[in-house]
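To keep things simple, chains are lettered A, B, C and D as they appear, and every chain counts its residues starting from 1.
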Amino acid sequence: MNVYLVALLRILAALGLMLLNGVVLIYMLRKVLGYLHVRLGPMELGPHGVFQTLADVLKLLTKEDPTPTHVDRALYFLAPGIVFVPSLMAYAAIPFTGTWVIADLELGLLYTFAIMSLLPLGLVAAGWASANKWSLIGGMRSVAQQVSYEVPLLMAALPPVMIAGSLNLTDIARAQSAVWFWLPCLPAFLLFIVAGLVEANQTPFDMSEAESELVAGFATEYASMKFGLLFLSEFSNTFIFSSLLVTLFLGGWQVPFVPVDALGGWAAVVFLIKVYLVIFVLMWIRGTLPRVRIDQLLAMGWKVLLPASIVWVMLTGAAVKLWPMVFGGVQ
Amino acid sequence: MSDARDTVAHAGWLTADKPSLPDEIPLTLKRVPSGVDEVMTEHLVVNMGPQHPSTHGVLRILVELDGEEVIACESVVGYLHRGIEKLAEHRRYSAVGTLMDRGDYVSGIHNEMAFALAAEKVADIGVPRRANWLRVLMGELNRIASHLVWYGTMGLDTGAMGQFLYAVRDREDLLDILEDVTGQRMMFNYVRPGGVLNDLTPRAEKKIRAFLSTFDAYLDEHHALLGGNEIFQARTRGIGVIDKETAIAFGLTGANLRASGVSFDVRRDRPYAAYDEMDFDIPVAESGDIYARYLVRIEEMRQAARICRQCIDGLPEGEHTAKVAKVLRPPAGEAYAAVESPRGELGVHLVSDGTDRPYRMRYRPPALFGLQAAEAITPGTFLADAVAIFGSVDVVLGEIDR
Amino acid sequence: MSWFGSGILTGLRITMRNMLRGPITVQYPHEKLEIPERARWAVEMKPDEDGNHKCTGCLACEKACPDFIIKIDVTTAEDRSKHIDRWHYELGACMMCGLCVEACPFDAIRMGHDYELARTDVAELQYDLLTDVAAAQPKRKAAAERPAGAERPAPVAAPEAAAAEAEVEPQKGGEQS
Amino acid sequence: MLPDATAIASLLERAGIVGAELSSEGGPGLVVRVERAQAGAVVQGLKDSDHAFVFLVDLFGIDTGEHVDIVYHLRSIARDEELFVKVAHEYGSDLASVWETHPAALMPERETAEMFGLTLSGHPNPKHLLLTSGSAPMLLKSVEIRTAEEVRNR
């Protein structure tokens, strides 16, 4: 088949996956938060309100899109794209099964992190261009928190890489056929969850939106589909973070006591179930916890998470090197 | 810009009213040196409110920010001003209760009670014992409802969401009870000079007992969910400290004053209705921070439930209202009556000139004094703290603006 | 409560417990709650057994209303019989305090239980409860049936007297009977 | 509760206040009526005295028809006593701020000044509190609001 056609199909697949994911995740968020808060969530449109999100997408698409007077026009229109495109690109390296991956990159993990680190650029652009003080504070906060937490996040992702000996996400998932890495790398697992919550802008650390303080943060001045893109990319980031967590620590598409490739296409279902369970936990956290303060967040990042992750990387490195020496090449 | 007065002038505010600026920097707007002025940074003046997710109604707070730090803040109120004090001068004594309800709309029973007590003092009306007990019962149920709203919005201010819905769920039961007895859910018009409007219904009594049997467990759950949370503690312990002297100087009352270590409660120190017959504790905390105010209010809810239990078990027989003339014409005189509303000492200073309408009714809004104190202690904290501080002193704009 | 993080986990447990308790929502247009007996909504006429209104046009409610939203136009004929031209009520400004119902000496009005009072047209928020009807003759029976303890039963012979009494009642002090 | 009138009288005398009238008949409690010029000194003196009236419960005005009475409602936490200080002000006259003695007076003073048409002196932030600037002093008896008929016919 034509190589360009395949590439195009893959891009379309990623786009479709992202949009579908957004729709499903928004519905899921509403339902999960609803039930957590002893209420029902959307109920009117379709059975149990399943078409509510579609209706909202339609609403966002058809809404009037006013542009505030003093915005920096170029950036204002560009910013949702700057936010949206990286979170779309990040889908590329995620292995849904051993073979189903949009682009099986040798440096998949590095690629994903590199792409995700473009996000704050879009957020600060949105905050700056909106000519709104709340947006500006929100944008600044997002840069501060994402820059400080990228290092702990990477550090926390290193132990699985060291054990698996590869930066390819498929290889890392495959390496967990014996034991899922969350158990041997428990501290790294927890650090990754915390840092990932910050990176994905999730509730105890959703500083840049911080509804009760900053109205809606960087998204305050956005309306209609521009807001939709910001919103969608946020859900997509949550999905990517959860996929990374599953791939790095929770065995990827594998099921315990089943050979790695025995499931075939069903492995993708297993993977998605795992990811959605992680997302459910994130929503559960979101429905429960208060928000930390920005200075506490940054202090925690630099003073606790970074040293802890460095120490753990050193310990893992030592263990990975010492293990074959002691037990004679089990690895 | 150099100081807080410039904040105001910068925003173009003061000039309309007063051409000249005061020379001295106000105590309430004290300036905290930032240390970055040499690099020509500019402070950000933001308007929090009147439409902002966390200003509890239509409060507007003018905040000068240095990065995330609050340099000065000034609250602007009056958006909800309806002139209750003036309107009361044109209403019969029986109709003023409807205005009082709309003052502090979260705890209407207390507002009505304050006015009814003042009117009874002026007109020298005796109240039947059952009416007093009913007032206490309804007042304490209303206090729980009001504190639950405070608890919920305090969580929202710090970013949590779940506990607000749980608090509202419990408040719903209370509003059902109040609706059953009084006829409406918030604008009760229930406590009248001379007694109360209606007696308890059997259905309401059953509901109250059912509520009280489960409330303590739910309250423990509420407390564990928010107060036990480490993040909430990190956000509130040692933040927004109002020390004893400041609290007294700014006229704080109620839970805010008691959280600063002053044990003053109108219910105990100036007993009204049937509070001298009740057995309850007054929680007092020493630290004066947000967490102390939180703990005091949680404990007050527990004590309120305890008082309700005593009321419902020992409700005396008798009339629920004294025989009062349809059109009340108290003799000329003056009276001050105060109740312990959920926000503090809610006083009504009533002047009668012998006609059927009050000559002057002064409504002492406890939340106004809380707002002043919050405004005074906020500079020097972070923006997120400012939200929590203004939430913690429990401002209700209906009461502040009247 | 000893180690860091236990409060967070307790909180997560509590939210999960509440989730398992199930929703408490009432899906309003499809399900409706029962309205308590004493609930106060819009003012409406309270008919007697024969379906006739009981309003005598004494204007006690008009004087009692703190919002001045009740306006009753009454014409008195030669033989002192009364005719109610219109009994005007402004729902949009009513705060449903119930003072008019308490003031009525003939039990002629009540607070309704219909709470779906939204209208699509502002003009519909004020309407006449009665138009162009003869005022009812005051009945002692109805006056005696009024709930005990609310006010003293009104010993009235004529509607004017009731109105006058409501207006000039002197206040003598606490033990007024 | 009700402080001893003679003790308060001697206390005021020691503080150098002359012409203070004390009465507790027909009022909300013990009422001390003083001259306008002495209001600040009286409030300060009461705060510094051994009765320690450190708590300003409320500050408001009453339009008596001839003048505006400004009422300082003071409370002593230590002795559990309450006191009302009344000061007569001419219409449109100057209300001297007591915020340095009682910071609690900051907002009530602004409100009282605008509601009774007084000017505020010595106040750090003498703006309107509740009304928009240019509104009539609402709580003066001479300021009319709509009558019942006007409301009905609006």
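In this section, a contact is a pair of C-beta atoms (placed from the backbone, for glycine too) under 8 Å apart; a residue touches a chain by one contact, two chains touch by 3 or more.
All values derive from a computational prediction rather than experimental measurement.
Set against the C-alpha centre of chain D, every other chain centre is closer than that of A.
Set against one another, B-D and C-D show the most C-beta pairs in contact at B-D.
A separation of 23 Å divides the Cα centre of chain B from that of chain D.
With centres taken as mean Cα positions, chain D sits 40 Å from chain C. Note on chain placement: the centre of chain A and the centre of chain C lie 57 Å apart, centres being C-alpha means. The geometric centre of chain A is 61 Å away from that of chain D, both derived from CA atoms. Residue numbers of chain C whose C-beta contacts span two or more other chains: 8, 11, 14-15, 18, 24. Residues of chain A in contact with two or more other chains: 36-39, 287-289. This structure has the following touching chain pairs: A-B, A-C, B-C, B-D, C-D. In the complex of the two chains, the chain D residues touching chain C come out as 148, 151-152.
Considering their complex, residues 67-69, 71 of chain C touch chain D. Taken in their complex, chain A has these residues touching chain C: 34-40, 43, 284-285, 287-289.
Those residues of chain C that touch chain A in the complex are listed here as 8, 11-12, 14-16, 18-19, 21-25, 27. Residue ranges of chain C in contact with chain B, taken from their complex: 1, 4-5, 7-8, 10-11, 14-15, 17-18, 24, 36-40, 64, 66, 95-99, 103, 111, 149, 151-152, 165-177.
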